[in-house]
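Okay, so chain A shows up in both of these, paired with chain B first and chain C after.
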Partner chain A sequence: MLRPKHQQFVRGDKRMDKEGLLRLLEKIGQRIHEQRDFLTELDNAIGDGDHGHNMDKGFQAVHDRVLSNPGPDMGKVLQQVGMALISTVGGAAGPLYGTAFMRMGGLLAGRQEASLEDLPRLLDAAIGGIQQRGKAVRGEKTMLDALIPAKEALEAAISAGKPAVEALADAAAAAEAGVEYTKTIRATKGRASYLGDRSIGHQDPGATSSMLMIQVLKETLQERDQ
Partner chain B sequence: MKKLINSVENVVDDMLEGLAAAYPQYVKRVPGTSVITRAGGPTKGKVGLVSGGGSGHEPSHAGYVGYGMLDSAVAGAVFTSPTPDQVYEGIKAANGGAGVLLIIKNYTGDVMNFEMAGEMAEAEGIEIASVVVNDDVAVENSTYTTGRRGIAGTVFVHKIAGAKAEAGGSLAEVKAVAEKVIANVRSMGMALTPCIVPAAGKPGFELGENEVEIGMGIHGEPGTHREELRPAKDIAAHLTHKVMDDLKLKAGDEVAVMVNGLGGTPLMELFIMNKTVSEILKDAGVKVHKTFVGEYMTSLEMAGCSVTLLRLDDELKALLDAPAETPAIRQGR
Partner chain C sequence: MVSLILVSHSRQLAEGLADLVRQVAGEVPVVPVGGTADGRLGTDATAIVEAVEAVYSDDGVVLLMDLGSSVMAAETALELLPPERSARVRLSGAPLVEGAVAAGVEARIGGTLESVLKAAESALHEPKF
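Our next item is the complex of A and B:
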């Protein structure tokens, strides 16, 4: 189906175009900036206290390099985001989120729009990249503990035929539950693993930043549908 | 926070400029990057050595760039791994056509960023090998952790692998000798006071007036336990025995010793620590071939120290004694 460029989305629309993606990225950057001190505080407790600062720096670079000069399609834009994060965030979060965005970009190569049905595959690609780069699995107190439940909830919602807004609400709720779950488990990857049992009781900063991104995605769809 | 800085944003940049200005005979900065490389550029036909990591550990790693040690050092933000594009610049600056060895301290971020940079370099046709240093015995080494951290023992890897490369060793040979050092080097540290990461502006943890943390990592990661401050000889004995036990040192073994200051501890105290370290080794019948006392792998202004022992054989001894000309370690040719 042909759609005119920059067409406004109609209520209940399950698609997102490149402009929508750029708006989403802008909002994710704003949310990370707002939550920067909170993320840093979480990281201070079980890591090295730089997650908020580094992620904020990364999305500032996304703003400066990508949003002002986006590539021709959604895949290219996501790859630009990956490169911006990889080259500015540093630490472990840079390669992990960077690889995740690069993988999603690969999946949307040449595409001008994506549908709700693409979303689980995109999350799958992101999760695969993070697992490969970080050699972690679910239950190790990492960003995967927010992302994997979110993807599963999304798949279930789509199979049940739920509309996009509801499907994303399920995904965000699952990510939130995943972050809560990270409080109950011991870290076995990353710097927090040095704490052993002392990491229990603290929520994982990486899972939290992943949750924030999924929450923004949900909110963006909600706003669009109002 | 009371620090001699111009701005939080520029600490690494200003530090690299000042370091390059101090030692133009050994090093230069690759313009537009956070890479310090040899003043004369890559040595044609020699295996290149690249290390690096977060800043705040000076003289690690830029202080070890020069003849007989590293070819490039890549500096990240304070306590934050450098990014792959920067490491890739370091690799390019070190590449003399015989391959490049990456010496990585075992931290999740460092390993990932160096790995990605290695993949970028391989895609450009540069042969890459890497080793991961994990000498800190304070961390249990099990499948339930990221593994032991890399700390001051890394400097011995730089020295010995650097000498091997300078002597014309192939990439496989340089990697093999680096792995031999890693298999035979162990360290353990302790902290008297915390340090302040400039961007954070306040200490990452707190210690009571008479409290110390045994086994603390070089970024303030937790150690094995906290205790009341005891005399230096007791602390030195604890650290030395932990390291000796882990290495399974026995009478007749020969070692190199490093008593490393974390940044806020005077040499006087480091020598006091070394007095006990040397006595314990002597009593155990372990011969000390060479001792390094000073600041080699620091943690900003943290007070405290680490003790490193490297078990030596004839090959490692010869390479440790080989000449080096770097900002932080100089030995005659």
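Our next item is the complex of A and C:
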């Protein structure tokens, strides 16, 4: 059922279509580009100092390969994003985020639209992919320390019947708190683990890039509702 | 004959090691995979898939990797390969240099996929001195 573009989404709408997803991906790419030096600075402190640059390369490839030639449905688009990241990021974030996007794509196979209620399942799939790939759990100073709290906050907000924008605001706040939490713990995964206790006091670059993506998702819905 | 793929963040490291392994490995196909397509340090799972496709035979393929994210890239590559191929690809947990040389020798003398993998992993238990 096709609706005219101008009335596709009304204020408070909980749905997103493929065009919305493409706009979201574009905005995520812009945010990563703006924040690339910051992400690299964080990674310089405890890792190999390439996270910002690598993520920027990855989302440049998303822009060049996916946004200009998107697949026919949301699932295909997310899988294209996964492949673009896997083949261009270079560091651990490539297989990690790449697998996350591939798994989300699998869930939305053939779909033209997703709703707020799909989002916890999508985040679960992303988190599952990252856990499988990185063999990490919560509390090890990784992306998971932003993503798992975000997913939990989102589920709680949906159960409480909150509107989409508020639910996403809760998720973003939880991701931000998760990033703060990574400052207090020691890394046991990845290059940062070589630093042991000296990794304490630094926020995790991967958790930070995950937080940025959730913040952009929140902002995208806020702008749409204005 | 079992083939070897050497995965490193650094193209030079992978290529240099491939030279070293070829010295002892005779006709064994040895493919270095390292760095990103645009020449940065890093790993690219799709390049690993291409390398497997280039040397694949039913005798099998052993992958040796350097640090953490090259392991993740190799595991991702296994998922991207058709299942009938990935079933004959093994990831070795051996140290890259010692493991690759040991695997190269075992493959050259006609070792099976399992024995090449075992030879590589025996390098884990061989102290340098």
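What we mean here is this: the second predicted complex is superposed on the first by the 219 of 226 C-alpha atoms of A that agree within 3 Å, B and C clash if a C-alpha of one lies under 4 Å from a C-alpha of the other, contacts with A are read in each partner's own complex, and residues count from 1 in each chain.
Methods note: a residue touches a chain if its C-beta (ideal position, glycine included) is under 8 Å from a C-beta of that chain, and two chains touch if they have at least 3 such contacts.
Quantities reported herein were computed from a predicted structural model and do not represent experimental measurements.
Three-chain overlay on chain A, with chain B and chain C in a clash.
Counting the residues of chain A that each partner touches, chain B and chain C differ, and the larger count belongs to B.
Looking at the shared chain after the overlay, A:N54 reaches both chain B and chain C. By the touch criterion stated above, A:K14 is placed in contact with neither chain B nor chain C.
Residue contacts after overlaying the shared chain place A:K27 against neither chain B nor chain C. Contacts of A:G134 after superposition: both chain B and chain C are touched. Of the two partner chains, chain B and chain C are each touched by A:R191. Shared-chain residue A:R65: touches no atom of chain B or chain C. Of the two partner chains, neither chain B nor chain C is touched by A:R121. Of the candidate stretches 150-158, 222-230 or 258-266 in chain B, only 150-158 runs into chain C once the two complexes are overlaid on chain A.
On chain A, the surface touched by chain B in one complex and the surface touched by chain C in the other have residues 48, 50, 53-54, 86-92, 94-96, 99, 133-134, 189-191 in common.
Here chain A touches chain C in the complex through residues 48, 50, 53-54, 57, 83, 86-92, 94-96, 98-99, 133-134, 189-191, going by the rule given at the top. By the touch criterion given at the top, residues 40, 44, 48-50, 53-54, 86-96, 99, 133-134, 186, 188-191, 193-196, 198 of chain A touch chain B in their complex.
Only residues 76-77, 79-86, 107-109, 112-113, 115-116, 139-140, 143-146, 149, 197, 199-200, 204, 217, 219-222 of chain B touch chain A when the two sit together in their complex.
Of all the residues in chain C, the ones that touch chain A in their complex are 9, 35-38, 40-47, 67-69, 72-73, 75-76, 79-80.
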